[in-house]
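Letters A, B, C, D and E mark the chains in the order given here, with residues in each chain numbered from 1 onward.
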Amino acid sequence: MSFDLWVLLVERGWGFALLRGATVTLAVGLLGMLAGIIVAVPLALLRWRRLPIFSQAVDGYSILVRGVPGLLVIYLLFFGSIEWVQRLATAFGYQNSADDAYPFVIGVVAIAAISCAYSIEVFRGALEAVPVGLLEAAKSLALPNHVTFFRVTLPIALRLALGGLNNVWQMTIKDTSLVSVVGMQELMRSAAIAAGITRSPLLFYCAAAGMFFALTAISQTLFSHTERFFNRGFSRG
Amino acid sequence: MELDLVTYAVPFLLVGAKITLLISVFGVALGLPFGIALAVIRASKHRMLSRSADIYCAVFRGTPMLVQIFVIYYGLGQLSAIRSNPVIWWIVGDSLHAAILAVVLNTGAYTAEIFRTALLSLPRGLIEASQACGLSVWSTFRHVRFPLAVRQALPAYSSEVAIIVKESSLASTITVLEITGYAKRLMSETFAIMDIFIITSAFYLMMNVISLTSLKLIERKLSFDK
Amino acid sequence: EEGVLRIGTEGDAPLFSMADADGNVTGFDADIANGICAELKLKCKFVVQSFSTLVPSMDSDRFDVIISGLGITAERQKKIDYSIPYATTPLYFVVAKDSPLAGLKSLDEIVKALDGKSLGVVTGTTYAKFIQKHVPGADLKTYDATTQQTADLAAGRLDAAFGDSPTWADFLATPDGAGFTRVDVKIMAMDDPTSLGHGMGVGMRKGNSELKAKLDAALCKMVTEGEVKNASLHWFKDDYTIPCTK
Amino acid sequence: MMTANVLKVRELCKSFGPTKVLNGVSFRMTEGEVISLVGSSGSGKSTALRCVNFLETPTSGEIEVMGDAVSAVVNEHGKTVVHGAHNIHNFRRRIGMVFQNFNLWPHQTVLGNVTLALLYALGKNKRDAKEIALSALSKVGMADFRDRYPHQLSGGQQQRVAIARVLAMSPKIMLFDEPTSALDPELVGEVLRAIRGLADEGATILLVTHEMRFARDVSNRMIFLHKGEIEQDGTPEELLRNPASDAVARFLSSVMPLAA
Amino acid sequence: MMTANVLKVRELCKSFGPTKVLNGVSFRMTEGEVISLVGSSGSGKSTALRCVNFLETPTSGEIEVMGDAVSAVVNEHGKTVVHGAHNIHNFRRRIGMVFQNFNLWPHQTVLGNVTLALLYALGKNKRDAKEIALSALSKVGMADFRDRYPHQLSGGQQQRVAIARVLAMSPKIMLFDEPTSALDPELVGEVLRAIRGLADEGATILLVTHEMRFARDVSNRMIFLHKGEIEQDGTPEELLRNPASDAVARFLSSVMPLAA
């Protein structure tokens, strides 16, 4: 058995294939999450402020993207745009780069769009849980709005949002498996191919799960540290 | 999109929708209390228990649900000890049961995280007030901590419900014929991949719009200010 | 790109289309593809993608053709064009050796015996349609991959499984397959072309008659010159070629 | 001695990290006694109160309530170990507390805040609970607000609900942490009457207050806390006539120039 | 008139749904004036204060601060429309407020709570902000606690930080909502001195308090609020000598039997 493992993972190179997949997963996941959060914060703010048309639009976006399978989001984004992009790229003489880079870009955009929708809800909930009195104190001291936001609202809301964001991240890193539909071999797709070819599905799926777990375990410790940081000044309930 | 494709596909998907609904309802009905219990254990002072609950959550949140469902269904199915135990085999042997189990175990871990943070963010004074009134640990939980935590957790949990509905599609990988299971058959039959996919998504969207809006109504109903 | 034929294939179908750790593709499909490329004096470029994305990807010009053991059916022809069929594999039921089905001799007997029994097939194939039509009484279970189907067979969740003969040759040789056997009823695509189709063909975008003509010619040449037969013998230990009628 | 000691506090010490907040506080209370705990801001009054019903675990010391004792002891590793922790729940059923910042439950109405503990700590039925709650709310003039939520109330109204929440439980011992801080003089008078009434019915009351007039009027004894230690313990008259130290004298002089 | 009106409040009305809380409150304040707003619990004192700097939007009425006015008018559909809303931010730069429940920011230390507005509302540099903050904290005896977080402070200490947070800003107008509720008598005296000092330096102060002695000592004028209306407005002596109504008389009698 251990010999088999060696052959499968090293000599036939499947272990490295999985590792390559893991780097794709990590890259797409990190970029997607980051972009998602950057977009989600202002959208959550619009929603929180109950700005008439905007907040309905944000709600609509969030319900739509959370409501449909992630696969559809990436299908539509990719297959809906590829022709157009390819024509554009070819016109500018970038045939190859459109072929190679575009799936990655779309993958990141799709993951960002999804994680963004979930992050909006997390931030919205957290913002709504910030005690009004603390914001009133800021208002009464004539703090400019952006200062109130960055120095009072955000630190308190982030503390409340952290658990939710952690959930979104854990989900996002696994959602990256969606990018396999645009032809990128991330971790799960690599595992699926290896499983099919070597006829050892359990081994490879578990190996992939192990790698996912390693990734999330690292991020988990980071989250725990951040949580501790944000909890300064609060007695635990 | 041709109309006859729609009229051909929808009856199949409707049959699948029943199963999707079934899995989701069980996912919420069993997963929610399970997740809350895990959250309470994680927040408890009992080192051993809270540690094991932590690990459980880390594992189930940290690995893809596809793998979890595979391990439960195909992995455990390989072991003869499990095949010979009628109770376990009743759960694991049947694909629908196994799918429900996987969904419950998975959502439980996420729900636990949602409620754990909600419980931790409650103002300490409110809990002290109930302790000082002589409410037992259980009553404090039932009447003060839980109702306050629910209000805090609801936005995040509504996302989790949408996820349950969508993740239930993984049941198709273990032969359960829910929406996605039928969709796969229809796709390979007609090759109208995009069209089938959009019809299928409309089904999921409909279910989620209903569940998300009803949760939003509950949220509004429970809020005590405004 | 000039001089390149981009080929979409699954990559995780044993014997047909197998991508290795470095992304090189081997198998029967790959041999056909390489043969076509040689005939057309083009360079083959494989794009490995999961089955459900092959058609939309081709539609959006990610590659030119699909060579992934696609069965030709009328239904599917509404969405994509096919080359001439070049091969077809016989289909068999597989059951446990001690099953009462093991000794059956005709499809009718099998249909009767399978009433209320669980029967597994793999999606992405035409087999589900066939079973639904001919064995409506069976409890049909569909799998994403052969490995899953055989795993369930081994776990005893399936009373029978239906698939092509290369799959079974492969499975019955493994330790898991030791307790199972093929039911000696051979089913060919020609037995029911409306559901099983007309054998495997190369898929391409609709309306490209120039490409279709070139492919058909190349395939016909490969069939008549025995190239397909060699590939079939090499991978399947049997000749599944469909003669070129043109 | 005629009346038994209902509450005994022995050598209570409490530190938060390096900060020593209570430093060997001991006193006893008999049934029906009202003690005012006074002292300057930050002297440890609230902490002492919170230690009595173990909302704060003392670093060391013993609390005895009607014969049941819970004690905290520092072990050889410098850690605090609690003995008799199973009594803590009993303590809390016998001790009611009004918090300095009220701590009303925001998800419950005024009536809900008062009935909750009646229903689930005392096991009253709904009807009785409601009746008791309304009579307690009437005592503090809040019966009309029964269906409001706490955030819809003014500061003084919240404080009165918090008082009613404890009155309704009629516990043997009551701890009040500045129960009149948000009340106008008229209401202070009413709360004073309510507390006296409770004491007459046999309740034992320990209260923290800054209003010396109120302290003098309501209490049998006054304990002056200074930097976590008891500086003086005696009847209000004693404290006013013979302040034990400059601190006491200075503190009292600023309020009661001629009152006594 | 020698000194200008710094604050004018005209016909201030406020309802929460069906509950009328303020009902046509009007008064003016000149520079350096200290007004105590007194009245029973729930009479609308906090609400009036919150309306002055528009933390609560009045249902109708006008507020004028140093010549800038913001007014709320009920339109034909029964909805409140605010005119001059751009002035609100200006108002708040000129008006400081101490809340009844302090509202300290829990994630900031004591020093952070006081410096934040200095840095970002007044644009002071770090050094100056720290210096000003520490001097304000010293005034209320809290400089030693600069690195604590609010939850590590006693009630009185929190209140003093809240006061320091406003003192540090030295606004033209200050609103205090029961600034001494959690303070012991000694500290009340100090806060009293601090407020008088501010008034002498030209600040205009509107404060809500229940401590009549304090109100009398600190203020030039007293306004008695009853059920959302001004029942009497005059010097402390006037109110004590000639209470305008039974309500005023009853209210004052309970505290100041002979003081004046």
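Criterion: a residue touches a chain if its C-beta (ideal position, glycine included) is under 8 Å from a C-beta of that chain, and two chains touch if they have at least 3 such contacts.
As the structure is a computational prediction, the values presented were derived from the model and not from experiment.
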Item to check | Chains touching both subunit A and subunit B | outcome: C
Checklist entry - Which chain's mean C-alpha position is the greatest distance from subunit B's? => result E
Checklist entry - Which chain's centre, taken as the mean of its Cα atoms, is farthest from the centre of subunit A? => result D
Item to check | Rounded Å distance between subunit D and subunit E, as computed from the means of their C-alpha atoms | outcome: 30
Next on the checklist: How many angstrom lie between the centres of subunit C and subunit E, each centre taken as the mean Cα position?
Outcome noted: 83
Checklist entry - Between subunit A and subunit D, what is the gap in Å from one C-alpha centre to the other? => result 51
Checklist entry - So which stretches of subunit A touch two or more other chains? => result 75, 79, 159, 201, 235
Next on the checklist: Where in subunit C do residues touch two or more of the other chains?
Outcome noted: 52-53, 56, 59, 148, 151
Checklist entry - In subunit E, what residues contact two or more other chains? => result 101
Next on the checklist: Can you give me every chain pair that touches, using the contact definition above?
Outcome noted: A-B, A-C, A-E, B-C, B-D, D-E
Item to check | Complex contacts: residues of subunit B adjacent to subunit D | outcome: 123, 125-126, 128-136, 139, 142-144, 147-148, 151, 222, 224-225
Checklist entry - Which residues of subunit B touch subunit A in their complex? => result 58-59, 61-68, 70-71, 74-75, 78, 110, 113-114, 116-124, 126-127, 152, 154-156, 158-160, 162-163, 166, 169, 180, 194, 197-198, 200-201, 204-205, 207-209, 212-213, 225
Checklist entry - Any idea which subunit A residues touch subunit B in the complex? => result 63-64, 66-72, 75, 79, 118, 121-122, 124-125, 128-129, 132, 159-160, 162-164, 166-167, 170-171, 174, 177, 188, 201-202, 205-206, 208-210, 212-213, 215-217, 220, 235-237
Checklist outcome for this item: Given the complex, residues on subunit C that touch subunit B span 51-53, 55-56, 59, 73, 75-76, 78-80, 120, 123-126, 128-129, 141-144, 148, 151-152, 154-157
Checklist entry - Which bits of subunit D are touching subunit B when the two form their complex? => result 50, 53, 55, 89, 92-97, 99, 101, 103-107, 116-117, 120-122, 149, 151, 165-166, 169, 171
